[in-house]
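Next, two complexes with subunit A in common: one pairs it with subunit B, the other with subunit C.
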Partner chain A sequence: MRRRVLLGLAPLVLYLGALTLAPVVSTLVLSLRHPEGGWGLGAFRAIAGHYQFAEAVVNTLAITGISLALEFCLGLVAALSLAGRFRAQGVVRVLLLLPLGVPTIVAAAAMRYVFGTVGYLNELLYRLGLLSLPIDWTGSRGLALLTVAVADAWKVTPLVMLILLAGLQAIPREVYEAARTDGAGPWQQFVWITLPLLRPALTLALIVRGVDAFRIFALPLALVGRNLPVLSTYAYVEYLEYGNPYTAAASSTILLLLILFTVGAYLRLAGPEEVLR
Partner chain B sequence: MPKWTRRGNREGAARGRGPWRLGWALGLLLLAVAAQAATPTLTLTMRLAEAEWQVVRQELLPRFEARCGCRVRAIDVPPEVLRQRLSAMHRAGRMQIDLFAQDNMRLRELVDAGLVSPLSAAEAQMDPAIYPTLRQAGVVDGVRYFLPFRPNVQIAYYNAEKFARYGLEPPRTWPQLLHVARTFFAREGVGRVLFKGAGGAPTTTQLYEWIVSAGGDPFDFTHPGTVATFRFLAALRPYLSPESRRAKWDTTNDALAQEAAYLAQNWPFGIRLLIRDYGKTQIRTYSGWAGPVREAHVIGGDVLGIPVGAPHRELALALARYLQSHEAQAILVRRLGWPSLRDDVAAQAEAWLRPHVAAIEAALRHGIFRRHVSYWAEYERLANEAVQRILWREEDPQEVLPPLAARLEALREPQ
Partner chain C sequence: MRAARALVLGVLLLFALGPMYLLVKVSLSPPAEVMTAHPTLLPHGITWQHWQRVLGSGQLAAPLRKSLTVASGVALGALLLVAPAAYSLVQLPPRWRYGVLLGLFLCRMLPEVSLAMPIAVVFLRWGLLDTDVGLVLAHLTLVLPVTAWVLTTTFGTLPRDVEEAAALDGCGPLRTLVFIVLPLALPGLVVAALLAWLFSWEEFILATYLTLGEKTLPLQVYYYLYQGNWFVTAVAATVMTLPVLGLSALLQRYLRETPLAGVTR
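After this line comes the complex of A and B, so read on.
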């Protein structure tokens, strides 16, 4: 029996080992190697001294923070709206899920048409009489961060919505009925029942989306280019354009550590039982 | 069905013939495979757009295949990946590429890694119709490793309607360029002159030719001509199109097509796209502007090389000769509007394309080749940093350039 279980697990272990663990370990090893041979922190020192690296770290954190805030607000509102029953619910659900099916690079190309200086957004604002000159949506760093976060939120809010919707539907109706009997209003029900019982779904969504948001790549590259570096695009440019696998690996390692640290910190705050539920 | 009925007999016979038919089919298949295996197959790598591959695979290569009795397997390999591919095959002792087309700025790394085969004097013989300026492409440290194939040169694209509306002429000098940029900004409230400032090779290439046209040394950030270039860029910055931050080779076409920019330099591949495909007939081309010292345009494009250990070296050389020939170049000019390495195929261009071919030829007359240095990637990093800090972070060139010059100096090869 035990042997059968082990045999059954073998493909999964092989898959994870070969396609997840091995590349991670090899990246870690590469980040600690010197191009001339030997070991050391030379690659980390090189990127720490680069004028764009600190900016890449801050940009990664900022985009992650802004886009997660947007996605959770919008995702929760959408999930709460869809949790009830109304006409054309199926159509609305499909429409809301559509962006999830759009490949990221296609979404990035589409967003360029929206946020370009001669893009749809400027045109709309101009026609509404709100603009006389086009806004360069990626012209300043702050605006560029916001633009990328909004574009990311458009693409992945449906995923957050789906996870939260599943969490909402798992909350027993009886709890709400009992609360109503005790005189609780809609806001009190939301604060004291929905939010606490939604915590496992929120945790799951936060981890899934948080990890993904840290790795954001195509959107900043397509929308702003290298003038808004994030850790993944920094690694990409180091590897592909400057042919330096060591600094690219060091940058990727820092991204991995950042993800592990953030997820660990959140779990420590929220309690590990959130994952085990 | 019983065997003794007529139908049963027929079916029985058919069943009996079944294995024979299968045998014949298998035999024919084996013969076809054997014939295929007996035909030498050359592997050619290039980096092309899908529309370009269509012409190369359907029109260009079949003529050579019919002549040499061989097959050409043409595959897409990006220039930044070619070295890794060749290196892996070389280490494994199984070179599978016979001929490659490679960006002329990525040659040194192949030579230094010992991945490309030098060509003898006889092999390096060139058709007299090939432009003399282009013949020097492919010589590294005095040894010819590569043959010219596809020259490329940046020309200037301008929106003739917008220029006419504001009574402007396409600029021929830096002061005129600044005047045009200022006029557009003053009249429209937003910059319409584009500089490819997104970073990477597009930025380095444009910067390189601007520095040379100012009489500077692109590899010396303290050279007066180089400093003058950065100062000019800083003066131009407020009047540049906002799209300059994202402008690379492909996005430059978008900016011109969407009229987010009215003047920009780019490779000629935009001609067909903008004028033919997008119908932007108001877009015209000319060779561009001169700097304070001269007019200079970087010659880019691809050259052909034969890897060390190529399985079909003779056929690869024959294919290279064919790709340089009048016949092949005429197809590329006629069907793709590529600039040609030969001076005898310009007439092959379609009528609408001819003014643009003239612009390309004019730019080629001021063509320069970038220096082959082993530290090109690092140089590009420093040049990009200079542009980013001076243009987009608005830092003072006097503060940015000296430390970068020191880092560049440290990279220089011992002379």
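After this line comes the complex of A and C, so read on.
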């Protein structure tokens, strides 16, 4: 019995050990190696002096912040509007979920049409009389960050919506009924019942989405290009363009530490029972 | 209240569907309708010229073949590796099971760029760069945690007494697995395979690191995007999205039949 269990688990565990853990550890080790041999923080010192790396750190954090703010506002509004029963609910739900399945690179292509200088957002704003000259959405760094964050939020808001919808459905109706008998209005119910009871779902969505946003790669690369480095694309360019595995490894390691720190903080805050439900 | 909900949902629907509408519209529009200072929001003329050009050029056939092969290989490989593991996992005491699941959860969070570089270096040595097999092996690392999660939940919800009844009737462990457990777990297996397939189909980072010449479909779309032809990009991107829509519909149907709805996030 024991042996059969171990035998069943072995292929998966060995596979992940060999092709996931071993590579991640070897990248970590590489970031601490010197090109001429020996150990040291040379690679980290090199990227610390590289202005594009500083930009990559700030860009990664900024995109994560803006994108999370957007998708949580939209996801919460969507989940609240979808809760309860109404006509055409099923259809609306399926349509709102659609962007989740769309491949990231396709999302990037579609967003080019939206945010292009002669694109459709500029045209829409022009027709609404809000704009006389077209805006270059990827021209300045601030706007480019916003564009990438909106594109990211577009794709993943449905995921946040799904998690929050599951959280909403887990709140017992009786709690609201009790609150109403005590004279609580809709706003009070939202602040004092919905938000606190939604907390586990909110933290879970926050962690899953936060870690994904830290790792963002295709959208900044395909929408803006090299001018908007993030931690992932910085590592990619260092390795594949400049052929420098050491600085690439150092940048990957910074990203790894950022993620481990976030997940660790979450596990401490939530406790493993809440993570695994 | 009802009007407010309709308004909010209307705006959200516009946000969700607008970009996809534009993608299809651009792929079918005459260039003069798009490449002007003031493009039209609604389609006026419809032309198949971009579709004919892209499909006629033959540039899409090789990426399409590679992506289909790799995604199918990943789906199959994930089932073969994960089904026995998940079946074993549900027989472990809860503490151990949660430990393994937490480990899988952490594997899913690791940065792809950390994985990709050493894998590329090793695959170069082994001659696996630019091959279907190499990409399947690499994609599996990203897919295994999620599929393991799904299948563990599936096997966890199967009634144990059916298996015990089979054992009483003289059914061996292997026969029980093949004739009793797997058919009962079929919806979960389908969901896991579909998720793995879809994940590989759109994967971009590892494909970038492990490809020299023979592009996958996402890399081909990126190449078109980089070249800057809106129409060609729109056609290729639409081609890439079509199977996703079909399989997502299938996925949603199976999700409704299984008690898995919470797992597949």
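FYI, the second predicted complex is superposed on the first by the 247 of 277 C-alpha atoms of A that agree within 3 Å, B and C clash if a C-alpha of one lies under 4 Å from a C-alpha of the other, contacts with A are read in each partner's own complex, and residues count from 1 in each chain.
The criterion applied here is as follows: contacts are C-beta pairs under 8 Å (C-beta built on N, C-alpha and C of every residue); 3 or more make two chains touch, one makes a residue touch a chain.
Note that the coordinates shown come from a computational prediction; the quantities given were computed from them, not determined experimentally.
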Quiz prompt | Fit or clash - subunit C, subunit B, common subunit A | solution = clash
Self-check item: Touched partner set for A:59, first subunit B, second subunit C, both or neither
Solution: neither
Quiz item: First (subunit B), second (subunit C), both or neither: which does A:118 touch?
Solution: both
Quiz item: Should A:247 be classified as contacting the first partner (subunit B), the second (subunit C), both, or neither?
Solution: neither
Quiz item: Which partner does A:67 contact after superposing on A: first (subunit B), second (subunit C), both, neither?
Solution: neither
Quiz item: Is A:162 contacted by the first partner subunit B, the second partner subunit C, both or neither?
Solution: second
Self-check item: subunit B versus subunit C as contact partner of A:203, first or second or both or neither
Solution: neither
Exercise. Could you look at A:136 and tell me whether it touches subunit B, subunit C, both or neither (first, second, both, neither)?
Key: first
Quiz item: In the superposed arrangement, which partner chain does A:224 touch: subunit B (first), subunit C (second), both, or neither?
Solution: first
Quiz item: Between subunit B (first) and subunit C (second), which, if any, makes contact with A:194: first, second, both or neither?
Solution: neither
Quiz item: Of subunit B and subunit C, which one touches more residues of subunit A?
Solution: C
Quiz prompt | Doubly contacted subunit A residues - partners subunit C and subunit B | solution = 112, 116, 118, 134, 240
Quiz prompt | Residues of subunit A touching subunit C in the complex | solution = 1, 4-9, 11-13, 15-16, 19-24, 26-28, 30, 74, 77-78, 81-82, 86, 92, 94-99, 101-114, 116, 118-120, 123-124, 126-127, 134, 154, 157-159, 162-163, 166, 208, 211, 214-215, 217-218, 221-222, 231-232, 235-236, 239-240, 245, 248-249, 251-253, 255-256, 259, 263, 272, 275-277
Quiz prompt | Contacting residues of subunit A [partner subunit B, same complex] | solution = 51-52, 112, 116-118, 132-134, 136, 138-139, 223-227, 237, 240-244
Quiz item: Mind pulling up the subunit B residues that touch subunit A in the complex?
Solution: 80, 109, 189-190, 197-201, 241-243, 245-246, 248, 254, 258-260, 377-378, 380-381, 384-385, 388-389, 392
Self-check item: subunit A-touching residues of subunit C, taken from the complex the two chains share
Solution: 2, 5, 8-9, 12-13, 15-20, 22-23, 26, 35-39, 41, 81-82, 84-85, 87-89, 91-92, 98, 100-102, 104-107, 109-119, 121, 137-138, 140-141, 144-145, 148, 173, 198, 201-202, 204-205, 208-209, 218, 221-222, 225-226, 230, 233-234, 237, 240-241, 244-245, 248, 252, 261-262, 265
